[in-house]
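Right after this note come the structures.
Shared between the two complexes below is chain A, which has chain B as its partner in the first and chain C in the second.
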Partner chain A sequence: MSGFTSLLEYEKPLHAGYELLPFRFTQLSGDRYVVTNLAGEFTVLERPELEAFAKTQLSASDPVYSELKSKHFLTDGDSNVAIDLLALKVRTKLAPLANFTGLHIFVTTLRCEHSCPYCQVSRANDDRREFDMTEETASKAVDLVFRSPSPAIKIEFQGGESLLNQDIIEFTVEEVTRRNQQEKRDLAFVIATNLAVLDDRAITFARKHNILMSTSLDGPADLHNRNRPRPGGNSYEKAIQGIHRVRRELGRDRVGALMTTTVASLGRVREIIDEYVRQDFDGIFLRPLSPYGFAIKTKFYQSYDQSRWLEFYFEGLDYIIDLNLAGFPFLEHYAATILRKMLTPFQPGYVDLISPAGIGIGAIVYNYDGDVYASDESRMLAEMGDKTFCLGNVHTHSYDELLLSDNLLEPLEASFAGSAPMCSWCAFEPYCGSDPVFHHATQKDFVGKKPLSAFCSRNMSIFRGLVERMERPGVREMFERWAYMR
Partner chain B sequence: MITLGAHRIQYNETAAALGRRTFRVTADDRRPMPLRAREAFMVRTGNYPEGFGCYLIPEGDAAQLNARHLAVAQVPEDLTYLADGDVIRILPERRSLRVLFRRSSPNNSFLLTERCNNYCLMCSQPPRNVQDGWIADEILDALPLIDPDTSEIGFTGGEPTLLGDRFLELVQACKSYLPRTALHVLSNGRTFADATFARRLSEITHPDLMIGVPIYSDLSHIHDYVVQADGAFDETVRGVMNLKQFGVRVEIRVVLHKQTIPRLPALARFITRNLLFADHVALMGLEMMGFTKANFDDLWIDPADYQAELAAATHTLDRARMNVSIYNSQLCLMDRSIWRFAKRSISDWKQEYMPECNGCAVIDQCAGFFASAKLRYSDHIAPVRAAA
Partner chain C sequence: MSTVPQETAGVAVEFLLHVFSADAVKRAAYVLMHRATVTFQTDETTIRCLLRPTDSSADDQTLERDFRREVLDQELRLATEAKTESLRNAILGLAFSRTGLQE
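Now for the complex of A and B:
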């Protein structure tokens, strides 16, 4: 039948050349480069391919051309909808910013019956009530919570051991719930607890208000108990009992666990992961140690260097990948967060890996004494005597004064990765964050020199490591599953 | 296959004088008198209850035709499937009759126009550039007669949105007369590149509307080639973005053939990255109708030869938690990992099976074939021995 036009005719506009859309590239290894665009889409190119692309010498018949066009690295005369789609994708990535502060941390007390040497906040003896939050302070903090425009509000109770001041948890939850009858926000409550002091009262209250328990589990019993001393030396046993009690009485998904890496952990990543598998967790967050609190005083932070931690991380990640490839689904949460940035249109709200930084505008901390901090790390820094990120106090400052304070706006603006030296031209910037608190703590500068930044080198290694692992058969598919899991 | 219309209809003079009219069919002689003028009564026992707008009698009793001063139409054997609640249109001057709606069918579709601004290589309903605005009038007549408990109806074409304001009027009529009925519209989406048109559609706030839009490649020139329209890709993608911006649900439809298969996995990635907000993705086997026969050599690929691409694309979409279905495809060709996405998608009046299907354990779950597939179907059809 006549009247049909051949494919050759439709290809003609392609031969008139193409224009580059914004992109960045960073060496992966040898002659191979990671190329990313504004929306975080990426591909790996050989250096000659990258050069031909950048010099607009790529032929339209080259498969690389098709891939780069499909992923919006270039536009040609045949189509300009790429600009609209790219804009939509960038908007989607930035959209969560408009919600403003979603995570509100209440430090109910600094008291704790554990005495962990790596503890990132100073602790106090069990019976000194001067380190407890009062109702007056909690009430003022709740006023501030509802000033946030965020449609979703998560309240997390931390300590010390948060449950040692159960009165203020109950007061706060009830007050927030009562006010929410008018506010209609999507509420979530989390109690961060070592579970050692979990009692019937806490369980009953948590059931009534659908509260999630977040606890610490550092690995097998001997490692956990060594990391986390308490009277009786039974932190592990208490934690495991608590985990299973919460699962049984509140629901399988009502308890989460976090691990902290110490020198003693370094050779034992498989055992640590096995412990999480044994306890029926669906994943693990392999966390580095942060440079705050007692961790500094006790030299814990300096006690192993970055490369040893990365070895630990990748050994663990590869072990988890093998578990998955063998048919057992299990997640590494830090990788999953980054993969969500790499492989989906979404922007995860993880406050330590986001730019503009998550301080204040992603999460905010109300300390037991009413001081307001821009992040959990900010109050840890304050416990060490550095109140750079203290935004004010609930009793003396208004919401506007706190959220527009120079102590917040200056680090936010200075550290924005899109304009920070070395970050702004880094191909991994769309996946990374700006952590002004970390860089201030380690370099006394909100931006920091990136070649000296453990934050930078750690994340760069992980980005590269993830890209490389995706070339293993089956791993890209597994990573996509992780990326979309929420 | 069942005829959805018939010629050789004999109308008596009274019926001929009615001209083109739309009736709801009934065989119930106790219908309330006020309703009867809009209904066609199926005469089965020689009984002619008074007041019906029209009477349908079986072939072979010509004497009855003119014996009464009632509007009588004598219908052929193959229209005896007509049943209560069906809606017909009589066309006495053409001695024909169209069945517009069958209450017993879950797949009632209305062709809104034969005009189209695409000219797809595999079009099953080749467009014609004709003035067919009368079709919209006919559908507006039919909608009030349709059972409001109908679960779904479809609008198809041609390109329905070429009707412009009348298209919006038809969607409004569906909402007004059939508020509990899902409306599925097959559109190439290009008209919605005009954001105002997309907004106006959304403002009707139809309670259950889905626009099915074809995207055949992640690369503009290949899509434009398949639909034979330069610039169509950009307009279609902008149309989808506009529809979703205004909250109208969108289904992306991909026909599987020689021109779309090579980029299918890349298209799936493109959709997850750019159009993740689409409500459904349908990956559809080729129908051997219309232009497909003319472009056979450019389109035909044995489905057995594209299963790797189909599985890869399906899993990519599924991992992104998109709602994905495979239509018009046979289970015996598919990897079992994608069986759960395969739907029995072929309209009841089109669905058939082949001799090779004899003894198949999963025939009840299989989409089977369009009748038109007799022209050509996979060389690898074979009965599945063990059920899923």
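Now for the complex of A and C:
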């Protein structure tokens, strides 16, 4: 008759010690460290715990041992599946890379009737038709769109003010839709517009093709109109009218909004969030200025430093957390993107926070003149005279020539965070990106010296800030809800 | 490790090479490049670092403390990287297997 072996046999694996699985650590504050594994699972350890763990001196009875084991920081004789599970998690995180380019941006025109001093695109006056995309260019770009193996294709129309060249939006949407009867991709269309020139024609067309509108809303009327001048000084009124009209005629969820932080926004983050709440948005994306286009020419980019923006960001984030804890659900989108990377098996497609970089792989831009760029920021840089990330032109280059261009492959390879100095040993690397365009723009180097990088210091501060806030009562649960929202 | 007398502006810090690797010290200097320019001198037993703050109002003691701490952290990182390198390669190899991405 068979029976259980003695208790001693069951305890043997616990006394046999453990083996470290690959991990990285970074100081959180004081003696506390964030520790992450290859798949981005994390925990926080005190320095003595970290040292004992790293030197394989941790006892199996130590409270942190089970957590480290369950999150695949160590493996012991009790189980032999840790390596397989960790590999599966890494594979799941990286799976979207195989889909290749999902976001295709068409710059329909550089013309714009706004004259925002922080514009990252370097707009043209609204009577200059030489800055409009033609049907021939759009058709060639559509050929390239369908060369991407991605099962989901999102076409985003940008400007200038994209609706000033409505003919090309309609041509492109109809051409893509027609070709997709054979291709059977999961299609989505977005028009990025300030909504000031929204008319019946645009609304009717958007309804027919289920097109989403993405607009700009910088905050309350005085701030928005100061940031976004246009003839009549009524950018805010036009945007709000447009938002209401799109919701009324297309549906509540068919319009989204983005804000940009100027020096005039600092100190007003609560008012800006209140404006988004008042306009019935589910969340806000608190965005800093980018070092491109008019933002550089007008010195807007240099108008505040990183520490002031971080104060603005965290005041806003804490205000939003308080709103949620008081029972009002509201999201900060940048935090939610990072939390999705930290707390779920999924990899959001946000181009700035991917390594290998999202340029070309995550998004590609077809400019009004047929030039193809590796990202939106790449074409912004080109408008300043730097065509480092121009991959070619739809009229003269094939898909293979564009996507295997040295202008794409070299920055992708050079900037890979897993092998970049400081990134390669940083605990936050699984959540971060490499952003070769930003580092080229600011340091003339695809990799960039991270201790001098505003991209690095901003993201490190936000990663730390999110981990610290998760330790407050109720916040971890709230962040998990944000992480799983799409 | 010990602090040695200053010969020029900045703070000088020595590390014994049988305790700390040159790689750990170099990594620490890289991490703190926004706060100090570091020059190195070595002999058979020690590596001597002269930390010149990039900001003249920076506190030397704080800089020295943070540099020493970073060297300690980097030493621990190098040790754990060496211990886990083969597993790391195995896990990444397994994760990328059958993707058609490897030659």
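Structure notes:
Rule of thumb we're sticking to: the second predicted complex is superposed on the first by the 477 of 486 C-alpha atoms of A that agree within 3 Å, B and C clash if a C-alpha of one lies under 4 Å from a C-alpha of the other, contacts with A are read in each partner's own complex, and residues count from 1 in each chain.
By our rule, contacts are C-beta pairs under 8 Å (C-beta built on N, C-alpha and C of every residue); 3 or more make two chains touch, one makes a residue touch a chain.
Note that the coordinates shown come from a computational prediction; the quantities given were computed from them, not determined experimentally.
By the touch criterion stated above, A:Glu51 is placed in contact with chain C alone, chain B being left untouched.
Shared-chain residue A:Asp282: touches no atom of chain B or chain C.
Look at A:Asp369: by the touch rule set out above, it reaches neither chain B nor chain C.
When both complexes are overlaid on chain A, the residue A:Thr344 reaches chain B alone and has no touch with chain C.
Of the two partner chains placed around the shared chain by superposition, neither chain B nor chain C is touched by A:Asp445. Of the two partner chains placed by superposition, A:Asp62 touches none, neither chain B nor chain C. When both complexes are overlaid on chain A, the residue A:Tyr484 reaches chain B alone and has no touch with chain C.
Once the two complexes are laid over each other on the shared chain, residue contacts for A:Arg91 go to chain C alone; chain B is not touched. Once both structures are placed on chain A, chain A residues 84, 88 are touched by chain B and, in the other complex, by chain C. By the touch criterion stated above, chain A contacts chain B in their complex at residues 1, 3-7, 9-11, 13-14, 39, 41, 66-67, 69-71, 78-81, 84-85, 88-89, 344-345, 477, 480-481, 484.
Across the interface of their complex, chain A is touched by residues 27, 30-35, 73-74, 76-77, 79-81, 83-85, 87-88, 90-92, 94-96, 99, 101 of chain C.
Per the touch definition, chain A reaches chain C in the complex via residues 19-25, 27, 38, 50-51, 54, 83-84, 86-88, 90-91, 94, 98, 421-422, 425, 449, 451-452.
Residue ranges on chain B touching chain A, taken from their complex, read 119, 121, 218-222, 224-225, 228, 230, 233-234, 237-238, 241, 259, 263, 266, 269-270, 272-274, 276, 291, 294-295, 315-316, 319-321.
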